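Next come two complexes built around chain A: one with chain B, the other with chain C.
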Partner chain A sequence: MMYILEKKKVEQVLSAWNKAFDVYAPQKVENYTQFLPFEKTKTVALNHAHNTRYPPKALFFPQSEIMLKYNSRLGRFEESGSKTKPMLIFGVRPCDAMAFSLMDTVFLSEDYVDPYWKAKREDSIVIGFGCSTPPQTCFCTTVGGAPFSHTGLDAILTDLDKAFSVQVLTNKAENLFKNLPPATEDQINEVKKIQRKATESMAPAFQTSGLKQKLDLIFESPYWETIAESCLGCGICTYLCPTCFCFDIVDEIQRKERIRNWDTCMFRIYSQEASGHNPRPSNKERTRQRLMHKYSYWLDHIGEIGCTGCGRCVCYCPVGLDIRAMLQTASEYESEVARA
Partner chain B sequence: MHDNGHNPYKPMPMHVVRAYYESNDRSLKTLELVFDRKADQIEFFEKFNPGQFCQLSIFGKGEAPFGVASAAWEGDFVRFTIQKLGSFTQYAHTLQAGDPIGMRGPLGNGFPLEAWKGKTLVIIGGGCAFSTLYALTKHVHHPQNRPDYDQLIVVYGARTSGLCMYKHDIQSWHQRDDMQIHQAIDVPEEDWSHHVGYVPDVVKEVAPSPKNAVAIVCGPPIMTKFTLPVLVELGFSPESIFTSLEKRMKCGIGKCGRCNIGSKYICKDGPVFSLKELQELPDDI
Partner chain C sequence: MTELISKLRTEIEKLFSEDRIDVFIAFKGADSPLRPQPAFYRAGNDLENLEYNSLCQNNLGNYLTRYPNETRIGMVVRGCESRTVNALLVEKQHLRENLTLIGIPCQGIVDIRKLIKRTGEEITAYSEHQNKVTIKYQEKKHTFAKQDVLHDSCLRCLHPNPVNADFLIGEPLPEGDPSLVREKVETFEALSKDKRYEWFSQEAERCIRCYACREACPMCYCTECFVDHNQPRWTESSITSAGTHAWHIIRAFHQAGRCTSCGACERACPVDIKMTYLTDKLNEDILEIYSFEAGMDGETQPPFAAFNMDDKKRFVV
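Then we have the complex of A and B:
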C-alpha cells in the first residue's frame, strides 16, 4: 500500500507517534545530520542527500553501553537497561537498514543471543528514506543493495518535492500510516520513475565477481603494503561503519559498571598479545583485516558482503583512502601477478 | 546454547572451595570453584566437555579466559590453574576458600571426543597449558570412558620439577597399567628419575606410532612450533594433530570480533583445531 505524507505534516505525525514510541529522526548537528530523539528538538532533516555522519547502528548498539552494574568487587550485580517504549527510527537510508539486518546475523545468531541488541531491536520500527539522488561516494548497488532497497525496513519514503510517498512493507507499519491519504495513480508512477532513475544513476564502483577469491589469494602479497601506506590507523572508517560490530568489555571502577565500547581492528593494541607477539603489527595487516572481514569472511559466514556501500569510510577518512579504489586494485592485482 | 537467564554476559555466582599453589615458585595457583545455584551446576555439567574454557569474572578487574582443568566425574566443582601475570591473575591469586567469584561457560568447542573414540590418544603438553590436557586425561581415566579409547600416552614437560602441576596425581599415573606417562624437565635435577630435555625431543624419543592415533598438543607457542614437525615426521597427518589456541578474547561467544581469524572465531569455533583446519586459515595467527 502506498500513502502520501505531506512534508509540512511530518513533525505532527512524529509527535503523535512519540506517545507509543521513542522516536528518532535525523537532525542537523553542525554541518552534518545525526539521529537524535525527536522529543528533544521536534525537527527532522530529510533534505540532505548525504547520509548521517554518525551511523544509526548506535541506536541499537551504543558506542558505550552499560552491561552490568555491581555493588562490590565480587558481590551482587544487576543487569542494566530497562527500556520503556519500543524505538521508531524515521528516515533511515536503505544501506543503514541493510546494515541492521547484517548485524542481526551476529547479535541474534542461534547459538548466543545478545540481550542488549535484542531488547532494543526486537520491537523497533524502521522507516526508510530512499535516495533519489545518491551522492558520488555511495555504492550500494555494487554490493547487493539499492537506493530504494527494502531490506530491514518496515516502510520506505520517496521524496515527491512537497510530500513523501510511503510504501508500507510490513503489517507493523500499516497501522502507523493507514489514516493518511493513499497515493494516486500518477503519484505511484512518479515514485517508480524516481526510484528507477536513482538506481540507474549508480555505475558499478568496482568488480565484485570473483573478488572474494582474489582477496583470499593475495592475502600474503605485497598488495597490502602499497594500499595501506598512507593510512593513519585512526579507526574512523570502522567507528563510522554501520556494519562494524567489534566491542571491548571493561569494568569502570568508579561507576561500578561493566561496560562495552566500540572497538576497532585498526588499532595496534586490538591484536597485541601476551608474549609481545602481534599478528597484525602494522597498518598493512590491519587494513587487510578490515577489508578481508567485509569482503571475504562475511561471505564465509552468511554468503553476503559485510559492506552496504554507505560511503562513510570514503567520506570521512582523513587521508582520503577509498575502499572502492582499494578493492578495484585488488581485483586487478591478481591478473598482474598472473601476467608477470 | 548457554544463556544463563538469557544473558550470556552475566557471570554465574560461584565460590572458591579449594585454593592451593601448584608450583613451588607460587606462579601457578589452582582454584576449585563450586556453584551457588544448583540450576547453574546442572546446566554446566550437561554441556561441559574437556578442552572447553570459561571466562572468570571479578568485578573491578574484568574477565579473563581459563581452560577447565577438571573432568566432570571428579565432583561438583570446576578446577582452573592460573598463572600469575597481570592485574586479573594477580587478584585471582589472592582468592581463598570461601571467596566469591563469577564464571561464564563452558565456552568453546572442546576436544572432539566422539570422533576420537576407538583411537590411541597421544597427549603432549607443557607449561600451564597442560591444564585442559589434565582434564582430558582425567576424563579418559574414568572406568566408563576408558574402554572408548585404545592406548593413552601422555608426554608432559615443565621447566623444573617445581613447576610440575598436579604432582601427586600424576605421580600415581606411573603405577597405572592403562596408560604411559613420560614426564620431562628441561635441565637435570637430583632425584629426578624421568626424562630430561625439551618436549619435542622427548616426543622424538618416545616415538608414538601414528597408527589409529591422534596427537593433542598444548603448550607454549615455541613448544608447539617444534613439536608439530616431529609428529609430522613420525607420520601423523594434519587431520590427526590437534591443538588449542590462546587468542586474546573478550566476549567468548562470537560477538565482539576480537578473536577473529579468517572465517573463524577462536572462542566459538575453537579453541581446539586440527592442524589441517589451522593450515586452511589465513596466516594471521
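Then we have the complex of A and C:
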C-alpha cells in the first residue's frame, strides 16, 4: 500500500508516535546530520542528499554500552537497565537498513545471540528514506543494494517535493500509516519514475566479479603497502561504517561498570597481544584486514559482501583514500602470485 | 598544470636523476576532487598526477617519522610543515642531512567544512584562481573569496614561509599578524569559567575517539599513546564526558611547545570538533613565558623537554 505523508505533517506524526515508541530521526549537528532522539529538538533533517555522518548502527550497537554494573553494597552484578519502549527509526537510508540486516547475521546468528543487540533490535521499526539523487560517493548498486532497496525496512519514503510517498512493506508499519491518505495513480507513477531514474544514475563503481578470488590471491603482495603508505590508521573509516561491528570490553572500575566500546582493526592495539607480539604489526596488515574482511571474509561467512556502499569511508577519510579505487586497483593488480 | 606544479615537478625529477633522494613526499590528485592525497614518489618518472593546491590539507611532516634515519627523503614543505620538520629534528626523528626540503610560501589551506557549510556535501569539482575558489555543487558553480573559506589556523598563520627549505618555489609572503591569534584565544578567554567549560564540553563530548586528530598530527608519533595504555589505564576509553574531556585536555597539553599550529588535527576530525583553540592558547603561553616558538629552528629544545642544571626552579616534571 502507498500513502502520502505531507512534509509539514512529519513532525506532528513523529510526535504522535513518540508515545508508543522511542522515535529517532536525523537531526542537524554542526555541518552534518546524526540520528538522535526526536524529542531532543522535535525536528527532522531529511533535506540532505548525503547520509547521516554518524551511522545509525549506533542505535542498536551504541559506541559505548554498559553491559553490567557492580553493586558494591550488595556485592553482586546487576543488569544495566532495560528499555521501556520499542525503537522507531525514521529516515534510514537503504544502505544503512541493509547494514542492519548484515549486522543481524553477526549479533543474531545461530550460534550466538547477543542480548544487547537483540533487546533493541527485535521489536524495532525502521522507516527508510530512499535516495532520489544518490551522491557520487555512493555505490550501493555495485554491492547488491539499490537507492530504493527494501532490505531491512518496514516502509520506505520517496521524496515528492512537498510530500513523501510511503510504501508500506510490513504489517508492523501498516498500523502506523493507515490513517494517511492513499497515493493517487499519478503519484504512484511519479514514485516509480523517481526510483528508476535514481537507480539508473548509478554506474558500477568497480568490478565485483572475481574480486574476492583476486583479493585472496594478492594477500601477500606489495599492493597493500601502497595503500598503507598514506593511510593514517585512524578510526574514521571503520567507526563511521554501518557494518563494522568490532568491540572491546573494558571494566571502568571507578564507575563499577563493564562497558563495551567500538574498536577497530585499524588501531595498533586492536591486534596487540599481551606478550607484546602484534600479528598485524603495521598499517599494511591493518588496511588489508579492513578490505579483506568486507570483500572476502564476509563472503566466506555468509556469502554476501560486508559493505553496503554508503560512501562514508570515501567522504571522510582524511587522506582521501577511496575504497572504490582501492578495490578497482586491487582487481587489476598484476602480482607475481597472480601471474604464477 | 599550474606553473608551480610544473616547476615542482622539474625539481623532483632533478633530485631523482641526481640520486639525491630515495622517496619524495608530496600530494597527488586523487579520486575525490576535494581531497588530494599524500603521495610517495620513488622515481622521477611517475609524476603525472603530482598536485598542489589549497585543498592539500594534510601536514606531510606526519610521514617523516615512518622512515628510518638513513632514508633520504625529499619533501614539499609549506610554512607550518617546515616548522614541523624542525620540531621533529629537535626531537631526533630524522637527520637534516638526509632531508631535501622544497619550500612553498603558503597561501593557506581551504577548509572543506567552510565550503560544505556554504553549499552542501555534494561538491563535485574544485578549482582556484588567484584569491578565488570555484566549486561545483549539484551541477551549479559557486565562487568564493579564498579568504572566506580558509582554515582558521591558516587565517591566523604567523609564518607562511618555510623556515628551513633548501630552496623556495614562489616569492616569500609577508609574515602573519599575531593579533589575529590573540583575537581567537581572547574570544575563548573572555568567557566566564562556566561558559568556557560549556564550550569545551560541547566540542569534546561530540568526540568519537577515532584518534584521527592524533594520527594526522606529525607531533603525535608515540608508539603507544597514553589513551592506548592499559596498565595502568590513564583515561576511560568510553565516549563518556570523563573520557572525552581527558583525551582532549591531555592531547593538547602534550603539544605545549611542540605544536606548530598547522591545524591538521582539526581538519581530520570527522565530527567537526574545534581543538586548535587549546593548542593556540598553549603556544601563546609558551611564547610569553619562555619566548619559544616551536620549529623556528632545528636545534632549540622546547621548554618542557629541556633540562638545565642552572634552572631557577629545580623541579623536574
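The working rule: the second predicted complex is superposed on the first by the 329 of 340 C-alpha atoms of A that agree within 3 Å, B and C clash if a C-alpha of one lies under 4 Å from a C-alpha of the other, contacts with A are read in each partner's own complex, and residues count from 1 in each chain.
By our rule, a contact is a pair of C-beta atoms (placed from the backbone, for glycine too) under 8 Å apart; a residue touches a chain by one contact, two chains touch by 3 or more.
In this text, all values refer to a predicted model and were calculated from it rather than measured experimentally.
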State whether chain B and chain C clash or fit side by side on chain A once the two structures are superposed.
fit
Vertex chain A, arms to chain B and chain C (CA centres, degrees, nearest 10):
90
With the two complexes superposed on chain A, say which partner A:S64 touches: chain B (first), chain C (second), both, or neither.
second
Check the residue A:A45 against both partner chains and state whether it touches chain B (first), chain C (second), both, or neither.
neither
According to the stated criteria, A:I302 is in contact with first (chain B), second (chain C), both, or neither; which is it?
neither
Quick check for you: in the superposed arrangement, does A:R280 touch first (chain B), second (chain C), both or neither?
first
A:L217 contacts which: chain B (first), chain C (second), both, neither?
neither
In the superposed arrangement, which partner chain does A:I188 touch: chain B (first), chain C (second), both, or neither?
neither
Per the contact definition in the header, classify A:V250: touching chain B only (first), chain C only (second), both, or neither.
both
After superposing the two complexes, the shortest C-alpha distance between chain B and chain C, in Å, is 7
Taking the stated contact definition, name every residue in chain A that is touched by chain B in one complex and by chain C in the other, in rising order.
248, 250
Spell out the residues on chain B that touch chain A in their complex, using ranges where they run on.
1-3, 6-10, 58-63, 85, 99-102, 221, 246-248, 250-251, 253-258, 260-263, 268, 282-285
Chain C to chain A touching residues, read off their complex
30-32, 34-40, 57-58, 62-63, 113, 116-117, 120-122, 124, 138, 206, 208-212, 214-216, 223-224, 228, 230, 233, 236-240, 267-268, 270-272
Chain A contacts chain B in the complex at 67-68, 70, 72-75, 77, 79, 106-107, 109-115, 216, 219-220, 245-251, 253, 256, 258, 260, 263, 265, 270-275, 277, 279-280, 285, 289, 292-293, 296-297, 300-301
List the residues on chain A that touch chain C in their complex, please.
29-32, 48-50, 53-54, 63-64, 133, 135-137, 229-230, 232-236, 239-240, 248, 250, 252, 255, 259, 261, 267-269, 314-322, 324-325
